[in-house]
Amino acid sequence: MKRIRAGVLGATGAVGQRFVELLTRNPWFEVTALTGSERSAGRRYGEACTWRLSTDCPAEVRDLVVQPSEPNLDCDVVFSALPGSMAGPIEEAYAAAGYPVLSNASAHRMDPDVPLLIPEVNPDHLDLLATQRARRGWDRGCIVTDPNCSTVGMTLALKPLHDAFGVRRVVVTTMQALSGAGYPGVPAMDSLDNVIPYIGGEEDKLIDEPRKILGTLDEAAGAVQPAEMRISPACNRVATRDGHLEAVSVEFARRATVDEVIEALRAFRSVPHALGCPSAVEQTIIVRTEPDRPQTRLDRDAGRGMAITVGRVRPCEVFDCKFVVLSHNTIRGAAGGAVLNAEIMIAKGMIP
Amino acid sequence: MKRIRAGVLGATGAVGQRFVELLTRNPWFEVTALTGSERSAGRRYGEACTWRLSTDCPAEVRDLVVQPSEPNLDCDVVFSALPGSMAGPIEEAYAAAGYPVLSNASAHRMDPDVPLLIPEVNPDHLDLLATQRARRGWDRGCIVTDPNCSTVGMTLALKPLHDAFGVRRVVVTTMQALSGAGYPGVPAMDSLDNVIPYIGGEEDKLIDEPRKILGTLDEAAGAVQPAEMRISPACNRVATRDGHLEAVSVEFARRATVDEVIEALRAFRSVPHALGCPSAVEQTIIVRTEPDRPQTRLDRDAGRGMAITVGRVRPCEVFDCKFVVLSHNTIRGAAGGAVLNAEIMIAKGMIP
Amino acid sequence: MKRIRAGVLGATGAVGQRFVELLTRNPWFEVTALTGSERSAGRRYGEACTWRLSTDCPAEVRDLVVQPSEPNLDCDVVFSALPGSMAGPIEEAYAAAGYPVLSNASAHRMDPDVPLLIPEVNPDHLDLLATQRARRGWDRGCIVTDPNCSTVGMTLALKPLHDAFGVRRVVVTTMQALSGAGYPGVPAMDSLDNVIPYIGGEEDKLIDEPRKILGTLDEAAGAVQPAEMRISPACNRVATRDGHLEAVSVEFARRATVDEVIEALRAFRSVPHALGCPSAVEQTIIVRTEPDRPQTRLDRDAGRGMAITVGRVRPCEVFDCKFVVLSHNTIRGAAGGAVLNAEIMIAKGMIP
Amino acid sequence: MKRIRAGVLGATGAVGQRFVELLTRNPWFEVTALTGSERSAGRRYGEACTWRLSTDCPAEVRDLVVQPSEPNLDCDVVFSALPGSMAGPIEEAYAAAGYPVLSNASAHRMDPDVPLLIPEVNPDHLDLLATQRARRGWDRGCIVTDPNCSTVGMTLALKPLHDAFGVRRVVVTTMQALSGAGYPGVPAMDSLDNVIPYIGGEEDKLIDEPRKILGTLDEAAGAVQPAEMRISPACNRVATRDGHLEAVSVEFARRATVDEVIEALRAFRSVPHALGCPSAVEQTIIVRTEPDRPQTRLDRDAGRGMAITVGRVRPCEVFDCKFVVLSHNTIRGAAGGAVLNAEIMIAKGMIP
């Protein structure tokens, strides 16, 4: 198969570097274009970018010249790691110019005609693209978003439970990693020996995004009917590098034993894996039964960072069930998720 | 006033050192006896004890000879920092020998005739001592316990809310400090860049202890009728030195606005402070309104570690209200709490 | 005694807050003026300043209005916490306007006519002020600097050794705390699970400053003849909040046993303490003999952060002696040092 | 090639797990035997061992039954991860029974007839084995040791410099990772926000081991003549998971510019890599020229943890040259080093 030529918008930042790392290792893609800020544009990527991952900056991209964010890149698809404040109009410009845009930014996530996609959960929401193109007058281009990093793990875990038992109410407390704040992000003075019980804007995303993702596509309306569940989040920043750990309590519409919950989680099958997507893992939801797992450091890399790990499934004294879920926030919860979104679109013949 | 002569059981451990530190600074006490393990007994405290607090080991106790845990100490009251596994019979032996025992151990907390005391919350539960002495045949001795470190902060915050609005259901996620595990406690390899979503036995304590503390003394039965509320905890160990931060969602029996909740918290008055207890602070519950407070490192020492700090009071999407509460786990939540228990007994003429 | 009215330049930053904290607790001073950036000027200090110390912002300064950095403050002396890049001309303007300036900035430290002062080490260097005023045409104003935070601990420890044995060569490796980088300073992503073996400009300061401080005042020349010693530093940033730990190897001109070195350190007497300066401690150099002390967290607060702790004094396989020295970088090594500089000037009648 | 059957002594501990991880990935070996303590013996490895690496416990060893440490294992070579206190006699028993023993323990490192081997540095020291077998009456068995984790990085860096310029004096300060202390190792309470300037026994190893490794084989004497250099170490424990960072100052016999030092380091060639050893990397010594590298977290995994990274090569104010060197302490500095020792023996036909 001929490799898809990929561009990365905002390639020098933390998420941009993850995109570059994942795409250069991915058998379906080659990286042919990178954009950056005015300060970076015109310089070689290897120079413009202070590489912060523990792997080396891939040799094949070091000599690519960083370009400004104008929609005339030499590529088949673009991945957007743009900051939320800038992403909106730039991503639209790319889509209007014919590029499929796989975005990690929040700008368009809640637009009614934009899929907010976890390919294992709601691949049918890609049908929104017909509406999107019709409404916006776009030809081949489109925008597909992936959810916020704190949304992905919990929503993946809720999917089989919602299908089996009906999720009605959720109380969730997150313990989120530093890399979720980008770079430079959180000052070390605020992180060492501390927990910060607040992440700006995060709780709102965790209230709304899972409901859209778990919602029902209304083809007539060209929109998603959000799932009828209420979610109460409390978001905290802790001193871990990668990996968002979340303590979740769930009320179901139907009764379910702990064993039934575990069985439903374990029975979950990955559509993109069945379609051969290289970033997908066979077992998206790993259930561990040791009393003290998942732990952030030990389990965040499970399934190359694309699996989530659920543990401590036990009865809830207030609702029906509670558990802990861990996901890798910059792989599963950011760049890796957007790459998988592109892969399922390729597998379905929607790209290029 | 003549100083009360205090003994500390298990004085060389982490909690024991806190007792020594707090009691030597306390105007109502002098430390006259210290006990330790067989390995320590017979040695000078300054030698037997590897002092781990950032203040120096107090000069006045360095030359005290560590004694074995037999109930013949030269003191008016004993504070127990014994490990839970040993505390039960030893504390009983001291009580039988006539010593008031202020215990930080879990052994007797849920005994029906033993007060589980937060002096600002349930000072009337001290009336259980009449039953305790009658049942057990003790003359002057008695056992009074303080709650587990994860219980104290939340229960203090719930007290005025329960009085005003009736607490029915609580979901709480804790982010607990390393010092709560004692010394050596958690290996650094398990703590650095990690969250451990499990603390053995902790969740059970957080389910039961608040209900007893907030319960009603039934004098006829010589026991406490637990408060009718359900609590669902999820306990986590994070990489902080001191300070347990807890995210709490609460359902009330009556409706309450955020302003009413804040007002109820702020109106809370400290009985032991009114009685002149030196460890008590005027404002036991501090409410902060900045979006990102309390933070573990910045707020744990508020009120010399004896106040708790509540913040982020806001509506809960699932219940009525949610907030964050922080308390110092080795002061308010351990040694300081037990010392305050002794102080209110002194103020009420129950000691010596 | 009437309190000296103190102004703080750059009062909203990390070092500025330490100045405010220390000066409001100091019996010789009252804080009457605070300056800040354009963004802060005109606002109340309590609002303009995001207070980051674990104590609360002192009540007596919260309502002071932050002023711009013009030299017309209502105070007797100014303490400068200005960033190095701005400090030079502003401090000169204050001195020219008649204010004694106690500076923590690096701008003027190596000026020949400016004392680089550790009051326990080189109080005689204050005699440079006559030259300074004459050369610069200043009347009552002057500039006195304190050394870089990494310089203070080692130089204090070297002082009695240089007097007794003659220091010829020093190899020193520092492990410096995060607070030394100010706020926001080091990103948490760069600090967690990491050592950064580089601090911009730091090693040059550690090469030059101790030689000036330990040098000889040449009154005729109106300058200091630097001590004849060579210093090779390697500076590292580690994940500690406060406290610079330094491993030092020293070659002496004369032979010295470990016991003689310890004796020399212990015999060191504090001139400012003898003069009654409230920030001075009786024992400026604490020598510990346990194998594993000083440790950053346990010993940084010794002597209210104004003492230094030396440990592991032992023979060096290459030179004569090696040891570890710890000092509190934002107290002894910054604000506290500058306050002590002011105190000795007051004690000597040079202020006001 | 038929795989060599490998046994691991002390397989359930921290270093033992690294051996298992590396050997199961290594094309030249298969793991056929594992030993453990009495508590573990008789149980399946997957059960007996609390796996602490972030990869999963390899499937092919989970069902191996842990055996006691008697020298009748079904394997061609044994790797020893035994604690230093036990390793001595057990390793001798295995060697006497005919097993080549590749040891990571300190017990036999300084024995005159035992090679202390870094295969890139002193492969000729393997000739000691003839003497060893003759003296000890061993037939096919033997003991080959690898150096202490703090020794490896510095000694590798010194090798080309000693060959080119003659190393005479070295002052080195280490900042060592937590994993070097094994598990449970350092309590988190001692690690968070702290540096411990002491590691028991470590400095002595760093004084002696490099001199033996860089020494000259005296075949007549059947021993190594230590290199004539003096080394003064200061060893510190910092809060990093893996990776020992060391600040090194060196005095040469001959003058050398910084460029010549860098050139000598870069020209270093790996003998085991030339022989095709799978654990060897082409570039054992990586020289970085950015001002702030190597950093522990970013560079410890260079060359799959088998390369060392040198940076900040610059003139020393006291000696000739100083630099920073980083090595992965549990791979290069422990299990990986011992595996490479076995590989070079295989490549040279000495095993099996």
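Letters A, B, C and D mark the chains in the order given here, with residues in each chain numbered from 1 onward.
As a working rule, contacts are C-beta pairs under 8 Å (C-beta built on N, C-alpha and C of every residue); 3 or more make two chains touch, one makes a residue touch a chain.
Owing to the predicted nature of the structure, the values given are computational and were not obtained by experimental measurement.
Touching chain A and chain C together: B, D. Across the two candidate interfaces, B-C and C-D, the one carrying more C-beta contacts is C-D. Separating the centre of chain B from that of chain C, both taken as means of CA atoms, is a distance of 41 Å. One finds 48 Å separating the Cα centroids of chain B and chain D.
Put simply, the C-alpha centre of chain C and that of chain D have 42 angstrom between them. Across the assembly, chain D contributes residues 52, 190, 192-193, 239-241, 297-298 that each touch 2 or more other chains. Note for the complex: chain D touches chain B at residues 52, 178-179, 183-193, 239-241.
Chain B meets chain C in the complex at residues 52, 54-55, 192-193, 297-302.
If you check the complex, the residues on chain A that touch chain B are 169-171, 173, 175, 190, 192-198, 200, 207, 230-234, 236, 238-241, 245, 247, 249, 291-298, 311-312, 316-319, 322, 324.
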